[in-house]
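Read from first to last, the chains carry the letters A, B, C, D, E and F; within each, the first residue is number 1.
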Amino acid sequence: MPVVTIQMSKGRSLEQKRQLVEEITNTIVNTLGVDPGWVTVLINELERENIAKSGKLLSES
Amino acid sequence: MPVVTIQMSKGRSLEQKRQLVEEITNTIVNTLGVDPGWVTVLINELERENIAKSGKLLSES
Amino acid sequence: MPVVTIQMSKGRSLEQKRQLVEEITNTIVNTLGVDPGWVTVLINELERENIAKSGKLLSES
Amino acid sequence: MPVVTIQMSKGRSLEQKRQLVEEITNTIVNTLGVDPGWVTVLINELERENIAKSGKLLSES
Amino acid sequence: MPVVTIQMSKGRSLEQKRQLVEEITNTIVNTLGVDPGWVTVLINELERENIAKSGKLLSES
Amino acid sequence: MPVVTIQMSKGRSLEQKRQLVEEITNTIVNTLGVDPGWVTVLINELERENIAKSGKLLSES
């Protein structure tokens, strides 16, 4: 613990993922004072046709 | 907010997804009185071999 | 399957919950053609201090 | 109910998935005394580049 | 990794929780061959009025 | 989108939550180049008896 899950649309680069998990882990460690080894970050990539805002699919808005 | 996540087996059409997110967003807006722009709907599609009921994989039952 | 999870702030009435789960189940049944008995809807209520938009806690914005 | 979600890295065999869902369903049934038909198990497979421990992507550690 | 999340209705005993997490962890370790220290099990307890099957709240069916 | 969910044990202060959501939102905005208004952060607090590592409940290890 803690477990952080990021749900975001597909298409980001490996470099962006690297930066996301590193910075979020640092935030968790510095803010909650937990050991880095306890922090799990999961990235759940979704197709834009599987995400909707205001009732519209992102792939169509 | 609110965030609605639908976990379902893969294979539905774009039209079905359109209908799902539109109707569910309307239900949230009409029932909870929130602005449509606040409603996020996420569709998490799973392979049938990654879903089990009564201990059996859907792909094998 | 499908499993629908609604994450929303605490404080809605039982009547609102009743309406949410009934209408969302109907939408799933009518759109995907699955049996009502297969549809699970879960409501995950969160305190407003556990929800943030634009980096601000809802309880403080 | 209950709904059990397993988030794990991609690449496990069908046999491993079969064993996972069968044994976890049995555990739920025997421990909580619920009917097997009520138990849903979902497997969410993630690429190793979408999982991080200690701030490092699994695909790079 | 893996992370297992159990969503179930409130009211189970500590002993039941102990048994659940121990047996599920053993299943993951034996089936996937991962180290026990890598396995996280999370129990998400929901009020029966926040769970619906067939469009009906469990607290009312 | 994106939606970030933090699952962590109960007991952290409001100030810690403030810092968590602010820093994580900034990381998402700076790394992915999305508008802050699109970022939702949800904190799911769990009792220590509902979290297990290595098959042991945190409340007992």
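Keep this in mind: a residue touches a chain if its C-beta (ideal position, glycine included) is under 8 Å from a C-beta of that chain, and two chains touch if they have at least 3 such contacts.
Because the structure is a prediction, the values reported are computed rather than measured.
Engineer: What shortest step count links subunit B and subunit E in the network of chain contacts?
Structural biologist: Each step joins two touching chains, and the minimum needed here is 2.
Engineer: Expressed in steps between touching chains, what is the minimal separation of subunit B and subunit F?
Structural biologist: Step count on the best path from subunit B to subunit F: 1.
Engineer: Provide the C-alpha centroid distance between subunit A and subunit C, rounded to the nearest whole angstrom.
Structural biologist: Distance between chain centres, rounded to whole Å: 21 Å.
Engineer: For subunit D and subunit E, let me know how many angstrom lie between their CA-based centres, rounded off.
Structural biologist: Chain centres of subunit D and subunit E, defined by C-alpha means, are spaced 11 Å apart.
Engineer: Which subunit E residues reach two or more other chains?
Structural biologist: In subunit E, 1, 3, 7, 40, 42, 44, 51, 53 touch at least two other chains.
Engineer: Considering only which chains touch which, how would you classify the arrangement: line, ring, star, complete or other?
Structural biologist: If you draw each chain as a dot and join those that touch, the picture is no line, ring, star or complete graph.
Engineer: Which pairs of chains touch each other?
Structural biologist: Taking the chains two at a time, the touching pairs are A-B, A-D, A-E, A-F, B-C, B-D, B-F, C-D, C-E, C-F, D-E, E-F.
Engineer: For the complex, give me every residue of subunit D touching subunit A.
Structural biologist: The contact residues of subunit D facing subunit A are 7, 44, 46, 49-57, 60.
Engineer: Where on subunit E is subunit A touching in the complex?
Structural biologist: 1, 3, 40, 42
Engineer: Sort out for me which residues of subunit C touch subunit B in the complex.
Structural biologist: 1-9, 12, 16, 19-20, 23-24, 27-28, 31-32, 51, 53, 58
Engineer: Could you list, by residue number, the parts of subunit D that touch subunit B in their complex?
Structural biologist: Counting only subunit D, the residues touching subunit B are 14, 17-18, 21-22, 25-26, 36-37, 39-45.
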